[in-house]
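Following this line, the structures themselves.
You will see two complexes here that share subunit A, one where it goes with subunit B and one where it goes with subunit C.
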Partner chain A sequence: MLESGLCSYVLISYGHSALSSDSMQRMLLDLSGDDAVFGHFGATGGYALAARRAMHEFGTGPETWKKIAVGQRRWANLNPAAMMHSKPMTEADYDNAKLIVEPLRLPDNCLITDGGRAIIVTSLERARDLKQPPAVIMGMGQHNPSTVIAQSDWMAGPTGARQAGEAAFAMADITLDDVDACQIYDCFTYTVEITLQDYGFFKPGGGRDWLQGGTIEPGGRMPVNTSGGQLSEAYFMGMTPIAEGAMQIMGRCGERQLGPATRTKSPEIILCSDNGGILQSHSCTLLRRL
Partner chain B sequence: MTSPIKDKYAIVGVGYTPQGRVPGRTSLSFHLEASANAIKDAGLNKNDIDGFISYRNFPAASDENELTPNIIAQHLGLSPIYMSQDAN
Partner chain C sequence: MSYDKPLPKLNSDNRPFWEGCRQHELRFQRCSDCGHVRWPPSDLCPQCHSTEINWLISKGIGKVYTFAVYHTAFHPGFAADLPYTVAVVALDEGPHFMSNIVGCRPDEVKCDMPVKVVWEDVDERITLPKFRALS
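Take a look at the complex of A and B:
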């Protein structure tokens, strides 16, 4: 839209009365299709299937996912707008949480949120004259391996994140070592693991060790989902990660701001992801400070 | 080869709304509030907006209409040159 010269300022918006209306339940409890006959339905069912396969293939499991759930909650505890701001969570809380669809427990699932989020994209040339410091898009990549998980080549990954990430990093001409923080689409904890894995942050199954010692938490060496993410802040599809990435680059995040306030690296470059279907479509965006 | 769009575009505004459990509001109302706040945040006027993408909604609530980018743009008072809907 922008590159063709058709448009100068593009508005992207999301809005959903997801928690107070029956909309989300209508989607999640939809029992149509052949799978439902066998008791398999809903987003949690699909991701649980992929997560279970990943447990078999590369030995992941709740020990990995709990670090993601608890780590992101610690960020939410610093974000007054987060739905889970005043609800700390320990690893024991995670262990004792109820199973939704085995192997996924309640804190492995994202929130359902009433609300909306919007961003505006324009050329860097125009951005220089505007109010906020720009979050410059240095790289982008998309990859969409299949329309439904039953048709995917490999249920436990690589997902679209691998090729989308390669394309974005090639465009930006940087490596993983240049990334200061990540905002990862996190419909489920497992989505965060497989996305980081497919980007190359660790080898298959290496997430469990990589996450040890508070890697993704305030004070950690690779902060992830610094608003609390969809697991602990709010679910607005891809707008949750990209908006937080932009706000962190702009330096407008208050108590949870990356840098000295949270004993983390001041962010020059932030990786943002979006994902759709049951791990079927993927988008990677690299943002940097001007 | 250097990509022609590397470092060429930027996010310049972010719009928030009340979030959590916010009863009595339609999906459309959240689109409108977030959009208006993003435009204001960027220091722009709504007439500057000439491209619009709205995220796909999950199925509309039984007491709400299905949303399209056109309906949202209409309520914002925008006439974008280009509109599309992104499916997540």
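Take a look at the complex of A and C:
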């Protein structure tokens, strides 16, 4: 629409009083339908089923997920706007946290937040002389397997991230090696693992080794969810990752800014993901510096 | 004590299934055109979009495809059951059916564990299919 001149600017916004109302819980409970007859509710249960199948098929588990939870919390402690700022978490804290729906513990779950995010999309031509340097969309892909996941035999993947990622990388004409950082939709820690795995960052079950040594943390070689993400900053659906990706490219992230301030690569290209349902829909967006 | 958990909402699609449960039969729709056995019940076959069906009575035997152990009661009716096991059972005839694993501790449940249906009569209208280890 922008390229054809049908519109000049597109505002994409999200806002929700999710923490101070019960609307998020009611939405999730309504989705349960007759699964509630057997005590199966909401998103945590659905992702717990997927995570358990993944443990069986490729040997993942809490040792992998805790690196994600703790790593993202370190980023949140560089972000004064994060709900979990000033609330450090150690691996021992993770191990001792309450089980919600096993195998998922409390810190495997995303937050519920009052607030919102907005981004504006315009043409590259218009963006060149804006006050802020823009983040340029260089590739996009979507894949929506959609099937009720409990009926599928691919509950441990590949998710829609496989084909969405292939489409986005083909459009951008780059490879994984060109990516400097990732903003991954992280409703649960396991979602981060399966998404990175399906994009091809590691083989099935290789996440545990890949995450060793602070890979995704400040100072790491592949920073992930640099605002703290939905686990430790705020939950605004797919707007949490895409807004952080754009802000990092624009250089507007203060203490958590990728580059010398956080002993990471200055970002030329950032991969952002979104996901819906219980791993039923997926989109991938690649952003680059102008 | 009265039953304080949610009960299935019967409609024209799923009524034959729940009436079957009352008689301790697991009935699934089988597509008359392509043979796909499906759950949940629906007008259209998700494989070939045919509307023609016949009803298959499952032997009630399958394997645990995956499971989750609830340590939190999202509904007060389940508080006394914690921790309890929700599982997706892959029935031998094909459908994946969500239910509970009963008769063993949650830490005894494994993926691919063989299970068979057992029946829990709730009231004069509803009987729930649950599963236990096949040994």
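We take it that the second predicted complex is superposed on the first by the 279 of 290 C-alpha atoms of A that agree within 3 Å, B and C clash if a C-alpha of one lies under 4 Å from a C-alpha of the other, contacts with A are read in each partner's own complex, and residues count from 1 in each chain.
To be clear about the criterion, a residue touches a chain if its C-beta (ideal position, glycine included) is under 8 Å from a C-beta of that chain, and two chains touch if they have at least 3 such contacts.
Quick caveat, the model's predicted, so the values are computed rather than measured.
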| request: Overlay done on subunit A, so just call it for subunit B and subunit C: clash or fit. | output: fit
| field | Per-residue touch tally on subunit A - higher for subunit B or for subunit C | value | B
| request: Check whether A:D177 is in contact with subunit B, with subunit C, with both or with neither, and answer first, second, both or neither. | output: neither
| message | Students often get this wrong, so check: with C-alpha centres, what angle lies at subunit A between subunit B and subunit C, to the nearest 10 degrees? | response | 100
| message | By the touch definition at the top of the document, which applies to A:G139: first (subunit B), second (subunit C), both, or neither? | response | first
| Partner chain in contact with A:H56 - subunit B first, subunit C second, else both or neither | second
| field | Closest approach of subunit C to subunit B (Cα atoms, Å) | value | 17
| field | Interface residues, subunit A side, partner subunit B - complex | value | 1-3, 6-24, 26-27, 81, 83, 113-124, 126-127, 130-132, 134-140, 170-173, 234, 236-239, 242-243, 246-247, 250, 274, 276, 281, 287-288, 290
| query | In the complex formed with subunit C, which residues of subunit A make contact? | reply | 29, 33-42, 44-45, 48-50, 52-53, 55-56, 98-103, 147-148, 150-153, 155
| message | Show me the residue ranges of subunit C that touch subunit A in the complex, using the header's touch definition. | response | 5-9, 14, 39-40, 46, 65-72, 74-75, 78, 81, 83-84, 86, 88, 90, 95-96, 98-100, 106, 110-112, 128, 130
| note | Listed in rising order, the residues of subunit B that touch subunit A in the complex are 2-35, 37-39, 41-44, 48-55, 57-64, 67, 72, 78, 80-82, 84, 86-88
